[in-house]
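Below are two complexes that have subunit A in common, paired first with subunit B and then with subunit C.
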Partner chain A sequence: MHGKLVDMVLTNSIDRRALADLLFQLADDELCIGHRDSEWLGLAPDIEEDVAFSSIAQDEVGHATFYYELLAELSDCSADALAFARPANERRNALLTERENGDWAHTIVRHFFYDTFDALRLEALADSEYRPLSEGVAKIRREERYHLLHLHLWFVRLGGAGGEARKRMEFAIDQLWSDVGGLFSWGAWEEELLTKKIIPVSSFELQHRWQERVRPVFAEAGIPWIEDLQQPEKDGRVGEHSPEMDRLLLDLSSVYNLDPAAQW
Partner chain B sequence: MTVMIHDPDLIEALQDVKDPEIPAVSIVELGIVNLAERRGEEAYVELTPTFVGCPALDMIRSEVEKRLAKVDKVEKVSVQVVMNPPWTSDRITQEGRKKLTEFGIAPPLQDMEELHHRVPACPYCGEVEGDVHNLFGPTACRAIYYCRRCKEPFEGMKPA
Partner chain C sequence: MSIADKEIRFMERIKAGYKIEATDWMPDEYRKLLLKLIHMHGISEIMGALPEKEWVPKAPTLKRKLAIMAKVQDEMGHGQLLLRVAEDLAAPFGRTREDLVTDVIHGRVKFHNVFHMEAPTWADAGIIGWLVDGAAIINQAALLHTSYGPYARVLKRICAEESFHMQHGESIILTLAGGTDDQRQMLQDALNRWWESLLFFFGPVEVTASAQRMIDYGIRTKTNEELRQQFFTKYVPRIRSLGLEVPDPKLSYDEEAKRWIWTEPDWEKFGRVVKENQGPKSQQRVDLRRFAHEEQQWVREAMLRSRKKTVSMIV
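Then we have the complex of A and B:
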């Protein structure tokens, strides 16, 4: 159905593995952040945010489903098995997306950092030579802009509010900053992906763009900018994860594991 | 973009298939039918979701299969979900926009540029002075606005 570009990619097993690895990064990121969003259901600070985070969760999990379905076409596994049955060391999401929800400031900071990154990643992938991906991305971008608008608003509002809100924002930024560097990695196959133009932009460039975009928002929120991004201790893009990921997977897959062969 | 030639009988039948979350509007009026054509005895349909994670799509697909199976000279129905060309809120037809308003949902503002913070006219009184109450609503494709004349919230489809 997707034409000859699929065949081009699939003829070479290295390229095929590189492509699958990229799709897992996208799918696992969206599934983890979507799951974390869904955990706010009934607990968000007000009813509007309950609605907003449910809606955002639904979008993110929907995007994950789209990526898992592309993966299912490349493999013998169903999208459900790929989403629910893979152990933590096969997951390719960045650590930032698996972290447990802290307070509201922690959630806002994490999501704003991630959404800004995701917007830049999607902007790049819109030019991917792998057409099934670039077509889906064109659509997904139109949805993600709403998330970013919303999270930007909260980030600036809480930062600018001063007092306890500001204190909590700064604490959350401190906590999360060491995870930010882990977002930009394209994983073990960056070189192959760049050569095949499946990704048009390097991880280095992606990180540079992220800093350029986030720095003015810190200024807008009245929060001092932090120059250095660190290399992460654990790289989620190659399957290294925190204990928080094990707990996330246990929760996420609890219904699936009751009967993995069940038809839904 | 390639211009798709729809089969008129199939399109007429698809007017009977409604969005399960907005039963006043057909999937043709909503603009999610990319293609409906006959391939011999097969009816071939391409649908594209309003939002990628739209949970109504599976239900819509099975309604399409059921409805088209009843069309003359159709022996088999195939439904594909595609992302290209993507749905945009500008694809809702004039008839669709009218029916959305009658149903109590403001149709989306047109021309995407910087529309996210603008407010459509209230579907109940037509007042254009309103506020964005929540960019997110009861379904992925809707937002919640507030009408300053009715002093009530209302739903609208998001420009997307």
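Then we have the complex of A and C:
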């Protein structure tokens, strides 16, 4: 249905698992960040930003829905069951996306880091040999472009404003930096995904590109660049998560779990 | 022209069905009544985001999550539109957006009783969309013919969006009503919780002095009781058709008088809720607004500083 490669993917159980793993990374990242974004509803620093930021949150959950629906086609589960019923150790999102919201600086830094990464990931996936993905990614990239413009502006303005804003930005960067390295992992199946050209770019290369893009923005914001990116203690891409993820899931699924078999 | 002459001409224009615009001369009383109404309306939209926002992270399907996010975003958007209208009205009094927003934190502006109440289950999120927004549409649709042009135009958009909200709420309600016993019970409990608040929402039966002045000025055209009766006519049959019970044993339609007979809510209790922020969730929600505004002043200040820098660079 989606071309020769998909047929091959679907008939080879290893490839199928590798592909599903990648789709879970995409879906879980977008669901977590969209969920965290949506917690700002009604509470953003001004009313105009509340409306703008909610659009971003909706886009992220919309993208997650697209990925979960691709996954639903590969499995017997519904997109909702995949989004709501999987335990933490099956979740493939990077730790950065599950962290609880801090102040507005924390939200801007996290989102700017994530969106820059996501733009690079989508850029790479636009060349994926898995067509349902590369086709969907084209639409998603149009929306993500605006998120990145918005977050870039916030990052530079808050960083450049000096005073309390600058202090809070530096504190947020300090807090989040150790999670950045975890974004670039392609999980347990990187080799298979690379060989089959489902992902065209290694995690090493992705990290390099991210640093190239973010460094000039630090300069623009007048924030000193940090050279080292550490490998995180926990790799979300293989199902290792923080207690913050458990709390996120408890919230996310609290109604769904009242009766997973019911219609909601 | 003397003030008295201006007032006579103003009333003639209103009677002839002209819309008053922000830059037109208007009596102080008209401006104050409008400002009070629109300020409260705008702040109620913003405070109204809070009970539902509790359910945004917990919405039980991807579709519901997207829908409730979009809905709460609309409410914030309505708040923004209404505050823009209120800002123009408030300017001659030397009052700014900052004042209009902080008034609620200091208890200087009221917000609708329904937004002081608890929303402890997912069914409450459905009832808010279906019946609270349903009641709001009835109120707001009646205001579409208001004599103040900027308010009428903003209301047109608000009503269009509210009708989507009502459908969003109705969809949640229909799913629960057609669901398991537990889901139906959750729905009935939520209806029981909200009923009295919904009746209070329309305001007292008697026409107060300020309500009468608003009718004289064409700011509003219908009485509270007319609107409440409309609400019964539209929603009571729908509620019953879902197999739900309206929690008012006295509720019935008097065919001869062509009106609904109903049990009045505890006016005094809800009066305290609205006037003194004594509802079960009043303080918590005012505190959330205080957090959003006061504790994030540093963000707004940083943006102003950063704009000044940009401007000085361009100059």
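Everything below uses one rule, namely that the second predicted complex is superposed on the first by the 260 of 264 C-alpha atoms of A that agree within 3 Å, B and C clash if a C-alpha of one lies under 4 Å from a C-alpha of the other, contacts with A are read in each partner's own complex, and residues count from 1 in each chain.
Convention: a residue touches a chain if its C-beta (ideal position, glycine included) is under 8 Å from a C-beta of that chain, and two chains touch if they have at least 3 such contacts.
Every value quoted in this text rests on a predicted model; they were computed, and no experiment measured them.
Enquirer: So, A:S38: does it touch subunit B (first), subunit C (second), both, or neither?
Expert: So A:S38 only meets subunit C here.
Enquirer: With the two structures laid over each other on chain A, which partner does A:A83 touch: subunit B (first), subunit C (second), both, or neither?
Expert: second
Enquirer: Between subunit B and subunit C, whom does A:A138 touch in the aligned arrangement: first, second, both, or neither?
Expert: First partner only.
Enquirer: If we overlay the two complexes on their shared chain A, which of subunit B and subunit C does A:A219 touch? Say first, second, both or neither.
Expert: A:A219 sits against neither subunit B nor subunit C.
Enquirer: Between subunit B (first) and subunit C (second), which does A:V61 come into contact with in this model arrangement: first, second, both, or neither?
Expert: A:V61 contacts both subunit B and subunit C.
Enquirer: After superposition on the shared chain, which partner residues are touched by A:L149: those of subunit B (first), subunit C (second), both, or neither?
Expert: Only subunit B is touched by A:L149; subunit C is not.
Enquirer: I'd like to know which partner A:V51 touches here: subunit B for first, subunit C for second, both or neither.
Expert: Both: A:V51 reaches subunit B and subunit C.
Enquirer: Can you list the residues of subunit A that touch subunit B in one structure and subunit C in the other?
Expert: Shared contact residues on subunit A (touching subunit B in one complex, subunit C in the other): 48, 51, 54-55, 58, 61-62, 65.
Enquirer: Using the touch definition up top, name the residues of subunit A that touch subunit B in the complex.
Expert: 1, 48, 51-52, 54-56, 58-63, 65-66, 132, 135-136, 138-140, 142-143, 145-146, 149-150
Enquirer: Using the touch definition up top, name the residues of subunit B that touch subunit A in the complex.
Expert: Subunit B residues touching subunit A: 51-55, 80, 83-84, 86-88, 116, 133-140, 144, 158, 160.
Enquirer: Report the residues of subunit A in contact with subunit C in the complex, numbered from low to high.
Expert: Residues of subunit A touching subunit C: 35, 38-39, 41-48, 50-51, 54-55, 57-58, 61-62, 64-65, 68, 79-80, 83-84, 103-104, 157-158, 160-165, 168, 251-252, 254-256, 258-259, 262-264.
Enquirer: Could you please specify the touching residues of subunit C with respect to subunit A in the complex?
Expert: Residues of subunit C touching subunit A: 46, 49-50, 53, 55-66, 69-70, 72-73, 76-77, 79-80, 83, 101, 122, 175, 178-180, 182-183, 288, 291-292, 296, 298-303, 305-306, 309.
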